[in-house]
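Two complexes follow with chain A in common, the first pairing it with chain B and the second with chain C.
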Partner chain A sequence: MTAALEVQSLCRSFDGIVVADNISLSLAAGDRVALIGPNGAGKTTFVNLVTGTLKPDAGRILLAGVDVTAVSDVERVRRGLVRTFQITRLFPDMTVHEHLMLALLQRAEKTGRLFASLDSFKDAGAEADDLIAQLGLAPVADVKVRALAYGHQRLVEIAIAVALKPKVLLLDEPAAGIPHDEVLRIIEALERLPADLAILMIEHDMDLVFRFAERVIVLAAGKIVCQGTPEEVGRDPAVRAVYLGSYASRDRDALGPGPTVGRGRA
Partner chain B sequence: MNVLLSIAFDALAYGMVLFIICIGLSVMMGLMRVINLAHGAFAMIGGYIASYVAGPMGWGYVPALVCGVIGAALIALPLERLLYRRVYGASDPLVQVLMTIGLTFCIIGATNFLFGSAMRAIPLPALISGPVDLGVRTVPAHRLFVIACGVVIASGLWYLIERTSFGIRLRATVDNTGMAGALGVRTDWIYTATFALAVGLAAFGGAVGAEIMPLDPYYALRYMVTFLVVVSVGGAGSIGGALVAALLLGFVDTTGRYLAPNYGEFFFYLAVIAIVFVFPHGLLRRGA
Partner chain C sequence: MAPIPGRPAASPRPGCRSRGVPGRELVAPTVVAILGALAYLAFPDDLAFFTRIIVAALFVMSLDLVVGYCGVATLGHAVLYGAGAYAAGILCVDGLTDPLLLIAAGSVAGVVAGLVTALVILRAHGLPQLVLSIAVVQLAYEAANKARDITGGSDGLSGISPGPVFGLFEFDLWGRTAYVLALVLLIATLVVLRRVVRSPFGLLCRGIKQDPDRIRAIGGTIYGNLVKMYALSGAVAGLAGGLTAVTTGVVGLDSVSFEWSAEALVMLVLGGAGTLYGALVGAVVFTGFEHYVAAVDPYHWLFVVGALLIGVVLALPAGLGSLAAWLRRLLPQGAP
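Right, the complex of A and B next:
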């Protein structure tokens, strides 16, 4: 079966500093994979390369077997590759319901009826209500996003991404900045996502990674240093070295500061 | 009593013209964050095209308005692609100010060269050129037409921005261009369409308001500050704010001209200073 997302030998450097060093990975439909690594390991660069925000120096990206390396980021979204953002990047003056309507209209490419009333898109309206209920956002559906609690905002991001009916979903730190007791709500929302969706999660919160992922990939200095089940990765000496700092002291500039395991647990 | 009614009616018509022209500038400044001093120049282009189509070409009033709007938008679009796009959200607003004031002087020069310095009129059709008896008194039909246009444009724009599929994309693009792009919204297209809409409204205002704000090549410069004041007093990006500000300032200006003509625009600017003193962020802020 063709992989939903396949990354082949991706390379990228900035001013001579290698941030993606021959990265290859593959996600099948339904895969739940986590990408972890210390700060500065190149996780966000990797996501930007996959979504098309950045252009790789070498390597290929295939979506359902089709080479999209030269395809724009917007077109990749259309073809089913959707990301959420690391920093909350919603539309502060729009309501939760309007966010979902926008995403649903974009998905359906209903660009031909630009001047039709939003209320006339009945299917999209019903689907938006469904998604809102699914993610537990019904009580705040008509609240402007700027007035929402941070945890709710993250849920809106996930709801938007899911509304686009992606085949591959990149979750960029869905639990970052959320109080620990609210992380549970995110986990519940993630567990309700469609089973055939391939998900790559970039995350620091190890609780979340271990509950969510079937496979964990560890990135350090732009390279995959280890991958396997969460248990295998947890036992791997190379991973311990990366997180405990011996790797970092050898290659400090590329890796950035200190260990990050357990951030968000305190 | 008669004087008071005359003032009120003229003020309403003048305020509506100000609104029709300024709402495009308000959208551009509030949503696209570009200080476009050439906005009045686009209104003037619309007026000149309309006067040419209705006058020398003799096509009539409605085709003249349509040609004015489309013509001004067609002239503005390449400028958006080549010039404005580079200064959207520029960190230094001075760049926007200098670029658009330069553009204004170029347009004034070109207009002077092409049409001469004489004032231009747009011949009105019989239907709106005469007086209309409203019972309490007769008023020029053209003023009524202008007021109706203002009402239609205000409600149409509100509907467009708040209630349509285009509006939701526009608001998303304005709130967060990067995220809108990530959702697959063609943000560059949205910016271009909004720019064209803003220029089209200015051109429409320049054409229907030519009876009240006469057209000559220095139109672009004469009303530049007035337009900026309306946007700033109303709160950039707010339709309701622009409407309230345009009507209020239109009323102050008209009253001042009727009752104390020797003072020029003294009362207008006095009112502006007072309003800005009390409401430093404009009468209505966007989203309020």
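Right, the complex of A and C next:
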């Protein structure tokens, strides 16, 4: 079966600093993969390369077997590659319901409609209400997101992504910045995502990674240093070295200034 | 609130107030119609002045579409207005006398000018965009000045004498026909634009204004949609220009000037951007000041406007139009 997302030998550097060093990975439909690594490992750069907001120096990106390396970021979204943002990127003056309407109507390619009232799109309205209810956002459906608690905003990010019915979803630190006891709500939301969706989650929170992912890929200095099941990765000395800041072992001399250490709970 | 047809009587979402209430979008046009009729009855000697207010209101609403709803920075919007005014004026001098056709021609010219402006200024963002818009309006101004054979140059284009509306209503000395025509066009435009800003396209444009990169991340495009809004804005600005040519009988260079563009922006900020009715409030207040305060003190009226602008921006950043919402919150809420 063709992989939902395939990344082949992706390379990118900024002013001579390598931020993506020959990264290859493959996600099949239904995969739950976590991409972890210390700060500055190049995780968000990798997401930007895959979504197309950054151009790679070399390498290829394939969506369902089709090379999309030269395809624009917008067109990749339309072909089913959707991301969420590490720092919430919502429209402060729109309500939760409006966010979902916008995403649903965009998916249906109806955002060009000038003279139709939003209320006349009953199917989209009902679908938006469904998604809102699923994520427990019903009490705040008509609140502008600028007035929402951060945890709710993170759920809206996820809801927008789901509304776009992606085939591949890149979750950029879905639990970043929210209190630990609210992470549970994010986990519940993630566990309800469609089973056939291929998900690559970038995350610092190891509890979340271990609970969510079947496979973990460890990135350091733009390079994949290790991958395997969460247990295998947790045992791997290379990973410990990366997270604990000991660069004595093999391959560690290229890391440059040390990553922020001690945040990982692996 | 009466139960809404097609929905359960008890709203499933507490806090849902604004969605799906039928007829809500007709409130503002109805208010404008009533005020307009009252003005007609109460001040029959000031109808030419009221017509000027309506023209300004249409122009500022057109500006609101691109500034308030899309976040485009422009000080060159008079290009769209002037194109409409000159198109209607020149066609009328050349023998086309039906006023509605002339106004329609002005609107089309506004669309063309809007598309051309959009192609230039939407290539940049922020400050460079503002500077480009000034460059465009200065070029248009000079072009109109140089082409004096067809535009009348700095003397203005005169001799515009349109026929009666529908072949029935002559433009009279008191400006009654002109005023009623302007008021009807204003109400019709308001109905259409309120529809547009509440459409999927309007929602998309609000998103583009707030975070264009996020719109791309849900698969929406930016440039094409902004050009589309610019064309619509040109249709309204051109309509205002055509209306002024038809109702005043003259078109001057000031209709494509930087000053007129800047005044429109001042009116929009005064009234409040991104609501459409703020544009109306701003046009009424600014043009009213110009009319009454300038009559009392022709040398210092802009001083008063400046002070008002500073006061509004500091005390009511959302514009004078937000006073209405503020007052509404003070009033007791209607029965649930």
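FYI, the second predicted complex is superposed on the first by the 245 of 266 C-alpha atoms of A that agree within 3 Å, B and C clash if a C-alpha of one lies under 4 Å from a C-alpha of the other, contacts with A are read in each partner's own complex, and residues count from 1 in each chain.
As a working rule, a residue touches a chain if its C-beta (ideal position, glycine included) is under 8 Å from a C-beta of that chain, and two chains touch if they have at least 3 such contacts.
From a predicted model like this one, the values you see are computed outputs, not experimental measurements.
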Query raised in the report: So, on chain A, is it clash or fit between chain B and chain C?
Result: clash
Query raised in the report: A:102 contacts which: chain B (first), chain C (second), both, neither?
Result: both
**Report entry** First, second, both or neither for A:116, with chain B first and chain C second
**Finding:** both
**Report entry** Partner chain in contact with A:149 - chain B first, chain C second, else both or neither
**Finding:** neither
**Report entry** Touched partner set for A:138, first chain B, second chain C, both or neither
**Finding:** second
Report task. State whether chain B or chain C is in contact with more residues of chain A in the superposed arrangement. Result -> C
Requested in this report: Pick one for A:160: touches chain B only (first), chain C only (second), both, or neither.
Outcome: both
Report task. Please work out whether A:70 is in contact with chain B alone, chain C alone, both, or neither, and reply first, second, both or neither. Result -> neither
Query raised in the report: Of the two partner chains, chain B (first) and chain C (second), which one does A:90 touch, if any: first, second, both, or neither?
Result: both
Report summary line: Interface residues of chain A shared by chain B and chain C, listed 51, 73-74, 77-78, 83, 85, 89-94, 98, 101-103, 105-107, 110-111, 113-119, 121, 160, 164
Report summary line: Per the touch rule above, chain A residues touching chain B in the complex are 51, 73-74, 77-78, 83, 85, 89-94, 98, 101-103, 105-107, 110-111, 113-119, 121, 144, 160, 164
Report task. Please give the residue numbers of chain B that touch chain A in the complex, ascending. Result -> 159-160, 163-166, 168-169, 171-172, 175-176, 178-186, 286-287
Query raised in the report: What does chain C use to touch chain A in their complex?
Result: 12-20, 25, 192, 195-196, 198-201, 203-204, 206-207, 210-211, 213-214, 216-221, 225, 228, 232
Report task. Give every residue of chain A touching chain C within the complex, in rising order. Result -> 51, 53, 73-74, 77-78, 82-83, 85, 89-94, 97-98, 101-103, 105-107, 110-119, 121, 125, 129, 138-143, 160, 164
